[in-house]
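One structure follows; several queries about it will come next.
To keep things simple, chains are lettered A, B, C and D as they appear, and every chain counts its residues starting from 1.
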Amino acid sequence: MSLAEKFVGIVPPVVTPYLPNGEVDVSGLRRVVRHLVDNGVHGLFLLGSTSECALLNENERMLVLTTALEEINGRVPVVAGVMDTATDLCIGHGQRARDAGVDGLVLTAPYYTRTNQTETMDHFRYVHDTVGLPIIAYDIPVCVNTKLSRETVNRLAQDEVIIALKDSSGDEGNFRMLTHDFANQPLFRLFTGSELVADSSILMGADGCVPGLANVDPSGYVRLYEAAVRGDLLAARAEQERLIDLFQMVFWSSAELSPGAGGVGAFKVAMKLMGLVKNSHMKRPNRPVPASVEARIELHLKRFGLLEA
Amino acid sequence: MSLAEKFVGIVPPVVTPYLPNGEVDVSGLRRVVRHLVDNGVHGLFLLGSTSECALLNENERMLVLTTALEEINGRVPVVAGVMDTATDLCIGHGQRARDAGVDGLVLTAPYYTRTNQTETMDHFRYVHDTVGLPIIAYDIPVCVNTKLSRETVNRLAQDEVIIALKDSSGDEGNFRMLTHDFANQPLFRLFTGSELVADSSILMGADGCVPGLANVDPSGYVRLYEAAVRGDLLAARAEQERLIDLFQMVFWSSAELSPGAGGVGAFKVAMKLMGLVKNSHMKRPNRPVPASVEARIELHLKRFGLLEA
Amino acid sequence: MSLAEKFVGIVPPVVTPYLPNGEVDVSGLRRVVRHLVDNGVHGLFLLGSTSECALLNENERMLVLTTALEEINGRVPVVAGVMDTATDLCIGHGQRARDAGVDGLVLTAPYYTRTNQTETMDHFRYVHDTVGLPIIAYDIPVCVNTKLSRETVNRLAQDEVIIALKDSSGDEGNFRMLTHDFANQPLFRLFTGSELVADSSILMGADGCVPGLANVDPSGYVRLYEAAVRGDLLAARAEQERLIDLFQMVFWSSAELSPGAGGVGAFKVAMKLMGLVKNSHMKRPNRPVPASVEARIELHLKRFGLLEA
Amino acid sequence: MSLAEKFVGIVPPVVTPYLPNGEVDVSGLRRVVRHLVDNGVHGLFLLGSTSECALLNENERMLVLTTALEEINGRVPVVAGVMDTATDLCIGHGQRARDAGVDGLVLTAPYYTRTNQTETMDHFRYVHDTVGLPIIAYDIPVCVNTKLSRETVNRLAQDEVIIALKDSSGDEGNFRMLTHDFANQPLFRLFTGSELVADSSILMGADGCVPGLANVDPSGYVRLYEAAVRGDLLAARAEQERLIDLFQMVFWSSAELSPGAGGVGAFKVAMKLMGLVKNSHMKRPNRPVPASVEARIELHLKRFGLLEA
């Protein structure tokens, strides 16, 4: 069964926990992965933005991959982020991830350097041709500055360079055109990276969602997904709105930290309070979530039944 | 029955046709209005961006209002754009529109001058308090540079300054939070201005859509709306995707003109081909849609059955 | 003597004072104009951004023009802003300004509606051809969203549509190329709108500056200009740095108000403290500068000798 | 003599040449370095944006440093870019660069991840405290998305975390305030990264320039600098304008490639034509400059006497 055939549903970007000394917390990561898979998620995205991929060194990236893959043991498909500033750096990440055993690679346009659509398409082709694993295009212009145009996505799909798109661009009108473009190509997979519009995206043809918040409440997103695929609009919508309410903790955290750290920071604090990880800090230079926000998140989780009151 | 009670559904921003000498084409406008109302739209938005409101002088604005209101004759609610660069200018537009008989006003943040959220809220309050008509907030940062924040919309709604929001910001995650915020306040009305995501927006709680493309195919949007409100997801989605296909003519036009003129230009050409208006030109400095694009639009309309083949 | 021949030096955008009831303060405006001309400025720009042009209605625009022109009585060249959202609206402003007796018009790209460079060039041509006065192109993308490209400026100059550019784009690299482009065309005039880099701009070939801060300290900018044109780098630089220090009050004001209101607000407070105008408020929806900032500005002016200590 | 004492003047970001197989061209790099130092530049910036730092792997970064340092042999100060997405990655680059023998480090805000000013200041502090070399802050928001605020630069300077700023932000008004802020702190060094305004920047207090174009014409920038420091405004300006004319080849290249590749691509083609490097290609995914542009650049160089006609 090809990756494209089985790559659907809720695929959380897995948070990377650290020991107090800053090293990857291997047993914490195992616990996070079990938490996600045991609660029914359909795949895992390692080394994504929420995983602090850009903050890890090469050894840490590999430790995350080998640890998680061993723990998952084939229960769900696993894809790994290999984004970097240059084609050959991404190929290196991709070869190591392939050798570690992931099922597919997630790739953005290069960052720092600014590329146009032609150079960006070349970038995807080079990585695909050299590494030989299925590739999921990841559109996140807020981090990499380049938007993958509708034409680029269609062309790369048609040329079988990519098997899927994860759209974190926030351009829902464009994403809606893409679900329509690919309506008759069921093996090209469309994921929204926006955890606030998972219900409508799936109902309108998306194959799944990559929700950072699923690190905290995987069951909720699985329920949302299942309701949406069986066409139960009201149930999907109710679950989405519950998750929107849960998500508000990200705004509290972001008001104190930067936009980049606010989301991961809130998720890590919640996961620490829930006993999934021992520490909630992020890699430098991110600062920890302030205690006042942590206290507010604790009450919030109790209200949602995610912590005992 | 208050405006809020009846203000739902498909409310097209009415295109303003011109005579060859540049004056408002009064009989053409009557024809456009009849075309829309006869095809079942639920309300009309006069003097919006698609109406070239920013390109009309005061007399032309009034001529559009009085002509359309007379032709509509109370069959559907009518709201009028009164956006301008300063509070007192908007109040003037609002008073004249009120005296002409519109049911409500549509208002953006001021433009050219750059205001913050506090000043923007004041702006809405002053217009509301002075003119005394229901106000629909119009969020279109691409034109006015200021995004109406979620907090601003909630506060103005709570203070009964605005009765509705038309969201053309493209920030669908934020809009999804708003449909959730107002789920228990059925008399605050949420409209998407994005004609490509009308189906999902309405299914997720929006009260309607303000689609420029409805000038060309009002029946399609009415069918989409009716399918969505009765929960027929598949029918709504199929209609939306047909309208997405029809919308592609806007990209052809925009590739030749500016983003501001591309949409209106394509709609006007289609409406001319369909016999609704005699001329497709826009106000200066917009240039006409090139003949090559017009020919392509003609074929397109035939394929959609909007023109006889 | 054509406008281009005499249009050089310090040309402040004249602040528009109001009476407590919001009407234009005619005697205050006369006082401001005298203050500027008596202190040696080389021309006046009425109805610019700093004049709150976008906040005035048609009658107020005319009252500003006729009052100022009468007071100036030909002592210096006077240009008037005629920017608006559409070509025909600008032509109307331009004809009235011409009939009032201004020497030239200042024109931006249209705003709200978004035009490309071709449509923008047409806009300038139409206004020029119809009104028949010399036109100064005004590049202020932060207000109008369209940047006048180097090619657009060169083409309009070559076709004798514009006689000057006021560059408030903040793109100093592009402006530096323009001073070079026009080095051999002394009758095309280049003004920087950035009051913080007047010294270097003039030393590198600009013909003058349009400094909002000159409303408060016209003599300073006149000294700066005279030092720069006689090549006295050190004197120009010292004067510029003194004016940079004086300008800091704008940051205090902007921290409380919006960017649009911060500058004008600070200037008006200073002018009130200096006895030039009776009120410092701006047109709605702008809020007044808070008293705490006003107190800080008062101390600031004393330190600069602009108020008696 | 500390780095701050001697770090002034023209400090080109050194282009990195490659062999046809993509490896760093060691003898080409030696030739480039000699070309720059023999023509009088005052320092070298290795591993900057123009050096394609973001496209090199760790071994290549080290090969560039050791090769260039050996060739320079202490004749001028050498600083090395150590920018990356995370603090600890930058510290690793910094330690290796320190051990290789560079005189200072050049550091941006982290990229991909988005940090606020507080986190960004922490980032600079951590690298400074751990590596122990003088640090030059590099402000290039177009690549890293974060602008170093005036307050951040002042605070880091005051705390002796940074000894200099290279400003490639394009915000010349802010840079002008910085030259004024540091007028009495001669050992804090301000460099403009904008090769089009080197003359005015230096005349207004900057200590030097980091011009990519100096790879092609180092003597020109050295002459410009020397004229500016002796206060010869006219000579500095004439040289700057000659270099602006030379720079036009970057626009020809950028029209075909992306903004990121256009500048480096044009410089490399010119350097190949001048016999400094054997190949002009860049790292993937950048495409080569088209032959038509190369032909145009050849004529251009002849006109400037940089190639024999």
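The working rule: contacts are C-beta pairs under 8 Å (C-beta built on N, C-alpha and C of every residue); 3 or more make two chains touch, one makes a residue touch a chain.
Just so you know, these numbers come straight off a predicted model, no measurement behind them.
Colleague: Taking each chain's centre as the mean of its Cα atoms, which chain lies farthest from subunit B?
Modeller: Max centre-to-centre separation from subunit B belongs to D.
Colleague: Would you mind pulling out the distance in Å between where the CA atoms of subunit A average out and where those of subunit D do?
Modeller: Centre separation, subunit A to subunit D: 36 Å.
Colleague: Using Cα averages as centroids, what's the distance between subunit A and subunit C in whole Å?
Modeller: 50
Colleague: Which positions in subunit A touch two or more other chains at once?
Modeller: Where subunit A is concerned, no single residue meets two or more other chains.
Colleague: So what shape is it, when you link every pair of chains that touch: line, ring, star, complete or other?
Modeller: ring
Colleague: Which pairs of chains touch each other?
Modeller: Final set of chain pairs in contact is A-B, A-D, B-C, C-D.
Colleague: Can you tell me which positions in subunit B touch subunit A when the two form their complex?
Modeller: Result: residues 170-173, 176-177, 180, 183, 194, 196-197, 199-201, 203-205, 231, 233, 237, 240-241, 244-245 of subunit B touch subunit A.
Colleague: Across the complex, what residues on subunit A touch subunit D?
Modeller: Answer in residue numbers: 22, 49, 52, 54-57, 83, 85-89, 92, 110-116, 118-120, 122-123, 126, 142-145, 257-261, 283-287.
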